[in-house]
Amino acid sequence: MSENGSKPKFAMYWAAACGGCEIAVLNIHEKILDVDANFEIVFWPVAMDAKYKDVEAMPDGSILLTLFNGAIRNSENEAIARLLRRKSQILVAFGSCACQGGLPSLANLGTSQALFDAAYDGPSTDNPQGVRPQPQWAAPEGQLHIPEFYPAVKTLNQVVPVDYYMPGCPPESPQIAAVIDLVLQVLGGKAALPPPGAVIGAGDSTVCDECKRARNEKKITQFVRIQDVQPDPALCLLEQGLLCNGPATRSGCGALCPMAGALCVGCYGPAEGVLDYGARLMTAVASVIDSTNPAEIERILDGIPDPAGAFYRFNMGGSLLRAGRLPRKSKVAHEP
Amino acid sequence: MAERIGVYVCHCGSNIAGVVDVVQVAQWAAGRLKHRGVIIARDYKFMCSSLGQELIEQDIKELGLTRVVVAACSPHLHEQTFRNACARAGLNPYLCELVSIREQVSWVHTDKVAATEKAKAVTSGGVERVLWDEPLEPLRVPIHPATLVVGGGIAGIQAALEIADGGHRVYLVEREPSIGGHMAQFDKTFPTLDCAACILTPKMVSVGMHPNITMMTWSEVEKVEGYVGNFTVTVRQKARCVKTDLCTGCGVCEEKCPKKVVDNVFEAGLGYRKAIYTPFAQAVPKYPVIDRENCTYFQKGTCKACEKFCPTGAIDFSQQDELITLQVGNIVLATGFDLFDSRRIPQYGYGRLANVFTSLEFERMCNAAGPTNGNVVLRDGLTAPKTVGIIHCVGSRDKNFNNYCSAICCMQSLKFAHIVKERTGAEVYNFYIDMRTAAKAYDEFDQRVRDEGTHVIRGRAAEVTDAARMPGEEGKLIIQAEDTLIGRQRRIPVDMVLLAAGLEPRRDAKQTAQLFGLSCSADGWFIEKHPKLDPVATMTEGIFIAGCVQGPKDIPNSVVQGAAAAARVQGRIQQKEISLEPVRASINEHRCSGCRICNNLCPFNAILFHDDRMVSEINPALCQGCGTCVAACPAGAISGTVFSNEQILAQIQGLLMLNLNGGRVEELVAA
Amino acid sequence: MTEQFEPVIIGFTCNWCSYRAADLAGTARIKYPPNIRLIRLMCSGRLDPTFVLQALASGADGVMITGCHPGECHYLEQNYKAMRRFLLLRRMLTQMGIEPQRVKLVWASAAEGARLAQEITAMVEEVRALGPLNWGKVEVPAFSPHPSSLKEEVPA
């Protein structure tokens, strides 16, 4: 795969995300030396100095592997996603935000106006002049531009075709190391690439598969919040009325959170073939509510004060209803 | 391989074509759905005709169709027809979709343009769905040769006897102490006036003696589990307090029992029975039961007269209810009817005016074995009436009570008129709305009764009163009615009034329906599979209905239904196995995380959890295919056949016609 | 030209009750507006909330979920599961800005053709009054109904 005997090229980019994905990559410890030994790192803003124009100058398809983390929040994120797609042979959506929108995509429940109000006019903000970001600004040095803020957060595959998905917030370091090993084996001709579109660095089942807590048939009579209870350390959290996302979340993390007594929050996203993560989680949780009386069911549901947030915490950008796509021009329901 | 779909749009004569432009729908499908794989779309007068079916078969063979969509009537009517046609031409029958553009379009919409557009959408939904259909084989389940018949009235008796005569085991469950049902209470049966007991009791005896019938009286079905071919039924055998292996049915206990109770069941409240009793002399079985609520021993702790006098020591006060488990392959429900409670129409005075009787009371009164020894007398038990009024349609054909016609009351009322005349020579007035005598020899009977001098007044009786207003009314009951044939109000003073009370579903019909997994109509009658073509089958495979449980009917029709149900059951038993729709769920063990969300969702206990492997598994023999677990699995590890996620999601997009301008369409053409 | 808005409603029916009620409405020639398009399931318990979301995301203006009356489920109690899912789904849809009138749960027995027709008529009018489901920032996900293209279509 390498050209002219030189090392294959590697890039990593950080779009709308917290930076945790970058740290997770560094957390593979000495394995990072393998990356350096086998790849020529051509673009990785967090680790080395690089300019967009350097990437633009590269021939199309000249980067072998790009790990793209972060969601598409603004026009700069999208532009770089398009640029890297053009330049890369293999583009990996890396981390929850690139795969499913991640936490930033919870913003899709509201308007950008509401977001700005909260950020620039909130109770914790000191902004006496009421400054708001402006796409353009005439400064003494010349016209300044900042990227356009999109009305909704998109996933990477909503702007460019993606070859592989590697979920997690962040992806677990051992999984990253395993993927790097795999890529090295592929380079050495010892392994084949997974089929395009595959999820890599994760399991085929859901978090419960890796969770060691004891499980019974489920009957939920009330939902409680973890700060209000002392959960049984050995029993399934969902059975204790805690809204653990484990049953619907792809395995691969080793069930770290539930094993440590915290709820699974769903960062590894939906299982294979699932169209809408929140719907799967919601239908499962609702199905095991132990009541046939609507008033009683409503009372039990009051224990989930923010269902949309609870069921789509990391997955709103990839949801059926709040996917961050562009506005539709017209309805197609009626054939003229 | 690209799929090759044939679309067939049915005219159904003018049923569909009168509202939907079927030609346009077919042309549209051929053109606009070509890129989805539709290679041929035809319209045809009657797709379900043999020529229509041959059209499909020919196209499968000549054009190499791999999928078929028929836009016609409801799948409940002809799904099997078209699947069979596909199978004959070598196409797996489950690769055929029937979408309804008749029941769901042409019959319910009037706007022809909108209906045609909807028909296109429905067809488009079918095309998208059929792309995801999988070739399947029907499930074959063995049929247990035993049958449960619930209800020992004439319909149940007929069904039980015929199945048993065919050589198969029948369990006949009856909740009263004896079989016989309502018919055993009657005196004469219309229109031939043969005595009910004379024709019924031999049948009852046959049931009692039949080697293939296990009769379980004083018993009720408590639980039904399983499915067609293999039901497990739990029957509660109520404690009789009589050892049936010792009892000879001599009747001494009944004679010696000091406690008299008004018999509200068999004697319709007109007579008495004892606390230990057989409901009537010819009861089958002959063993009595102790009615614990009225037995002095059970209530006060002393008495035991029956025990003292019983020559065989058959009385056993310590007997307890017993739960008996039966394995059966089919079930016939013949649980009958209840009589409309005439007190609900206060203006007819029943319960307030002594000489107003219900039809069932009168049946008992004129029965030679009844409380009055067959004498037609007033409530005083002595006086024969000189004039009698008979009111039809009590509680029937009445918006305030039951909208339906109870079917038997006209003939029953005419029979009463005849009996009254014959026994007392009284003047008889029948008040009817319409005279409904539409069966063999029924109208002739009406003529005969009229010729005998019965007065028939066309008009619903407004009131029965004892308030005399005119001379000659004193001490009489006056029936006020409009005689609609002469357009005048009339007041007829009579000595006795008979109310032809209508038939109603059993008070506990809803519970029975739930127990057996059937549905009731809004009135409460059980719903047959098809009102014309499948009148004794139900929507639940393996459960049949016969007699009045399905709707009001007379004895001949009840017998016909009992026999029909028996024929259906015997056909099933003969086949030894039945093919079921292969609608089943299954779990992809590799993807199952063992979260156990689904474990508690299956009412048929089809989902097992393997502790060792920490995965759940579905037992296909127990799965009924409802799909609840499929919809609940958080990992998407459960899939269901015939109604898969892919099929439904595709159908949604097809119905919304997203296939016409969705992004992926062009690619698919190439593919 | 002022044209009346014609909503499109997807209806999910139970094979044993409401689908038969729809058949009965047909047999009895009871009229209702053509805005509803029905899908047959074996039971309301089969109703996956994904179907509702898919319908709304694909251009439906409303969704009607129908099943057997409580206590009358052909599969004993599965309609209660549909009810639980519906009650939770409705809360979530409200957060997503979808008016609660757009997604309804209706019980209809096999005998209630007239009632089903009434409910459909009422819902069509209600959704007509609400107007088209306004998606604002959201576009319909790409169409993906063919086995061969599924793999690429399902986001991770």
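Here the chain labels run A, B and C in written order, and each chain numbers its own residues starting at 1.
Assume a contact is a pair of C-beta atoms (placed from the backbone, for glycine too) under 8 Å apart; a residue touches a chain by one contact, two chains touch by 3 or more.
Here the structure is a predicted model, which means the values were calculated and not measured.
Here A-C and B-C are compared, and the pair linked by more C-beta contacts is B-C. Averaging the CA coordinates per chain and comparing them to the mean over all protein CA atoms picks out C as nearest. Chain A and chain B have Cα centroids separated by 56 Å. Note on chain placement: the centre of chain B and the centre of chain C lie 30 Å apart, centres being C-alpha means. Contact of a single residue of chain A with at least two other chains is seen at positions 270, 273-275, 280, 283, 287, 332-334.
Of all residues in chain B, those that touch two or more other chains are 117, 121, 601, 628, 631-632, 645, 649, 656, 658, 662. Contact of a single residue of chain C with at least two other chains is seen at positions 6, 8, 48, 50, 54, 59-60, 77, 81, 85, 140, 150. Those residues of chain B that touch chain A in the complex are listed here as 32, 117, 120-121, 590-597, 599-601, 609, 614, 628, 631-637, 645, 649, 656-658, 660-662. By the touch rule above, chain A contacts chain B in their complex via residues 204-209, 215-219, 236, 238, 246-248, 251, 270-275, 280-281, 283-284, 287-288, 332-335. By the touch criterion stated above, chain C contacts chain A in their complex at residues 6, 8, 48-50, 53-54, 56-57, 59-61, 70, 77, 80-81, 83-85, 87-89, 91-93, 95-96, 98, 132, 135-141, 150-152, 154-156. Those residues of chain B that touch chain C in the complex are listed here as 74-76, 100, 102-105, 107-111, 114-115, 117-118, 121-122, 125, 128, 131-132, 513-514, 517, 519-522, 527, 539-540, 583, 601, 603-604, 624-628, 630-632, 640, 642-643, 645-646, 648-656, 658-659, 662-665, 667-668, 671. Those residues of chain A that touch chain C in the shared complex are 93, 99-100, 108-109, 151-152, 155, 157, 165, 167, 195-197, 199, 269-270, 273-276, 278-280, 282-283, 285-287, 289, 291-292, 294, 297-298, 301, 304, 306-309, 311, 318-328, 331-334.
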